[in-house]
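These notes concern the structure reproduced below.
Here the chain labels run A, B, C and D in written order, and each chain numbers its own residues starting at 1.
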Amino acid sequence: MDEIESSEDIDAVIICTPTDTHADLIERFARAGKSVFCEKPVDLDQSRVRDCLTVVESTGVKLMVGFNRRFDPNFAAVKECIEDGRIGQIEMVTITSRDPAPPPIEYVKRSGGIFRDMTIHDFDMARFLVGEEFVSVSATASVLVDHEIGKLGDYDSATVVLVTASGKQVIISNSRRASYGYDQRIEVHGSDGAVSAENDRPFSIDVARREGFTRPPLHATFMTRYRTSYVEEMAHFISAIETGTDISPSGSDGLAALVLADAAARSIAEKRTVTVS
Amino acid sequence: MDEIESSEDIDAVIICTPTDTHADLIERFARAGKSVFCEKPVDLDQSRVRDCLTVVESTGVKLMVGFNRRFDPNFAAVKECIEDGRIGQIEMVTITSRDPAPPPIEYVKRSGGIFRDMTIHDFDMARFLVGEEFVSVSATASVLVDHEIGKLGDYDSATVVLVTASGKQVIISNSRRASYGYDQRIEVHGSDGAVSAENDRPFSIDVARREGFTRPPLHATFMTRYRTSYVEEMAHFISAIETGTDISPSGSDGLAALVLADAAARSIAEKRTVTVS
Amino acid sequence: MDEIESSEDIDAVIICTPTDTHADLIERFARAGKSVFCEKPVDLDQSRVRDCLTVVESTGVKLMVGFNRRFDPNFAAVKECIEDGRIGQIEMVTITSRDPAPPPIEYVKRSGGIFRDMTIHDFDMARFLVGEEFVSVSATASVLVDHEIGKLGDYDSATVVLVTASGKQVIISNSRRASYGYDQRIEVHGSDGAVSAENDRPFSIDVARREGFTRPPLHATFMTRYRTSYVEEMAHFISAIETGTDISPSGSDGLAALVLADAAARSIAEKRTVTVS
Amino acid sequence: MDEIESSEDIDAVIICTPTDTHADLIERFARAGKSVFCEKPVDLDQSRVRDCLTVVESTGVKLMVGFNRRFDPNFAAVKECIEDGRIGQIEMVTITSRDPAPPPIEYVKRSGGIFRDMTIHDFDMARFLVGEEFVSVSATASVLVDHEIGKLGDYDSATVVLVTASGKQVIISNSRRASYGYDQRIEVHGSDGAVSAENDRPFSIDVARREGFTRPPLHATFMTRYRTSYVEEMAHFISAIETGTDISPSGSDGLAALVLADAAARSIAEKRTVTVS
């Protein structure tokens, strides 16, 4: 690692280590003047993230956080459609995000809970699409899939409603189980229309038989579902470094999503709508 | 009206008058021994509904409330799919219900508010599909479509989350505006799968041009969108009278939906999750 | 029947009797000054049809032939899309028409063969959509479904290619068997785009399970599939009589489709492209 | 080139040169003991192809012809579905294949005509899917897109019907123009069901507006449409060489498709169904 820090041939570093090592590594490489791409999250603790971002800022290096879904071709097309004004002003967004099956219980233990582990992607997507910060968070959660998850005080099925100051609403629907594959959809309803991104499929045929017309199940894992997004994400990181242009999503995007995750957890605990500043 | 009450040739009465006349008319015809079909709601006031239902019960006549959507072929097929066990245990339901345009402001004034006027159909659908009562209601609402609606203290864009004792979650998403037509969809996510009812279209062609593939917009009104459901609803009413079988949705279904509507309004006012008993 | 002919209260007659009675009945009612709607075909023999149409013409009454599919909402929308110029000049049309199962063998014996019984509807649709007469017919046919049909010298699986003088091509694909229901689709490819009418479904849900996403099978019979078209067809007949406007499809449309059917049979027999004048 | 032939490090050669150099190069590398992948066609002349294949056979090297579409994930899934017996016995196949725009006229001049240049892929697909040789070919063709193509004696819009000895029918529909992108679809109708592969899209969103629901146009070129198939094709070639297993499609597959193309041209010229042995 010392070698990386001291090497003049290395401009940037990609961090894919366990979460609890992220903040330290980011700071270390930032101080060495390296641009950093780090898989989400920077840290599970807001104040640790804030400290880390302060260090990064002081060094002037670029930090990109791995919210890869922004680079999914369908979701990027939804964003572009919004920006082109084709659906008018955003009014309501629905993000459906369901995993095929719960992760191993050992993973869940260290995950920081469903909001910081799973919904965090949807919080970032909500911010990315709406382009306005949220002022209130209202969450609902249950244990319907795996009682072991419940014993940890965590949930496997959750609904979160976010609202902006102007009243735009976002619904996020999460489940740790979907027998039919990795269910990832977005729809945005606006004043002049709506745009939706349907599920991506590994291949697409339709088999007609006496019992009906059957298309194949969805992707079995996020690795195949989001393959293109990982390629595009890395291309963006490299291009931003080479051309010196802005990088996105940034460390502060990572922090903003974490703030929403923590607010969701508080909303559950206190059975009320939580205000976010 | 006296003639109707005294006629021995008339077994049943269909009430499609303004809302504030419903409860009185129901009581009057019930006392005359007539079966009654009444458009929803029985009344906008819970205690008035309770009194009315007590009268009906004492007479022994049948009362059917016009939640016609239960009779929509697609939604009925969703219900059947659930009952056949094809998706396992219900976990999460999403009901999307958007009107093409807000009603006249004069109508809104007497409507009882979005939850008692519009969402009431979705509350009934939620109860119909889930088959379990809800214990908590959490609502979010904005004025995004028509400021006149806001001036009345009402809303035009709303999200409601319902939860049952076992943790099943229902999301209802309402808007008084949809440029692309009457948007009415349901999806039910269960332990073994999911079932969805897509929007019905007045006709179905796909036009491919340089700019893409375009299918026609949705129905412009509920009269065409739910045409079959009205026919089927009436067929059920008549058949239940003729055969002496149970009638559904009943007066108590009407009351239960109203209870949820009132809880949603309270959730907004108090910015918290409201418990329903 | 004498009563019908002599009644002054009766303006029009609807003939739904067996095929071999059609021409005689049409002539008789036409001579009595009644407008006539007759289920297709007028007769299985071209010269008998010609004679009948001569009689009808001499009486000046209106004759409508029951090519109901022109009145199907989806197919009518395809026609309208073409006429609006949205796909430019028609280049190639594909008509897929498959029955769920072969008719009883007794029916097949008197049917006049697959081209005059089944494809006849598609010949009419081809003429309706293209709006130009065909100059050549090339047919291919097999017995793949029911050997009893083959023993009668008839076929159960057929492909017909029609071409207009300007080179527009129509493909018709017929089968007497489709396990998944009544398969009725059209697509029209033009110089500026294409338009297609997908299959109509009795209801529309999508069930997602481990094995995939399944939508229900198609209609089981033409009675449900084409229900609306029968209503619209009759409305057109009545309206044309009441308003004195043109009626369509006419007796000569019936004849033109029969000419194509006979040419298809000849194409098979002679293994060549048959020219039609 | 001498170096390639004499190099002991080179096991296989990939030929992507102009068509008129293919046969010579194949022979030369085959004699040098190299396995050969050659873009279709081996040659535009049947007898030259036969001679070339004789040479290849005498050397014992493997020859693969670049019918890449067999490796498209959707079409491969169609094939698998057929082989799994999910649709029973094949009865009728429809292959739709339309280019966004005609190639440059200089290309058309040397292309060998639409059947040997464009339909050749569909002939191979027909053979691949049906798994039975065809005994008759009936073709229809027009000039609807570009009169320059017609002046060369070639066509831009064509329909070909192929039949096997057992009566299975394949329809191929080709056009050199499709404003909405690269239109590539297959459907296979069998005794127990049907399977279809819809068009692949570069990305998939649905934009709902007053005028309807619009999805993006299709791929603009075969390079993006068939990207995965090229990767898979090459993976198969390399794997077959490394493991010594059968290679497919082979040189004789290339010849068989050419025989069908020539029969189609003859069918047009002689306005009849041509028998193929």
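As a convention for this text, a contact is a pair of C-beta atoms (placed from the backbone, for glycine too) under 8 Å apart; a residue touches a chain by one contact, two chains touch by 3 or more.
Owing to the predicted nature of the structure, the values given are computational and were not obtained by experimental measurement.
Matching CA atoms, the turn from chain C to chain D amounts to 180°, rounded to the nearest 5. Ranked by separation of Cα centres from chain D, the top chain is B. Rounded to whole angstrom units, the spacing between the C-alpha centres of chain A and chain B is 35. One finds 55 Å separating the Cα centroids of chain A and chain C.
With centres set at the average Cα position, the gap from chain B to chain C is 42 Å.
Shown for chain D are the residues in touch with two or more other chains, namely 178-180, 192-194, 207-210, 216. Looking at the complex, you find that chain D touches chain B at residues 178-180, 207-217. The touching residues of chain B, when paired with chain C in their complex, are 73-74, 76-78, 81, 86-87, 192-198, 200, 202-210, 216.
Here chain C touches chain D in the complex through residues 88-89, 91-92, 94, 96, 98, 136, 138, 140, 142-145, 157, 159, 161, 163, 166-169, 171, 173, 175, 177-180, 183, 189, 191-194, 271-273, going by the rule given at the top.
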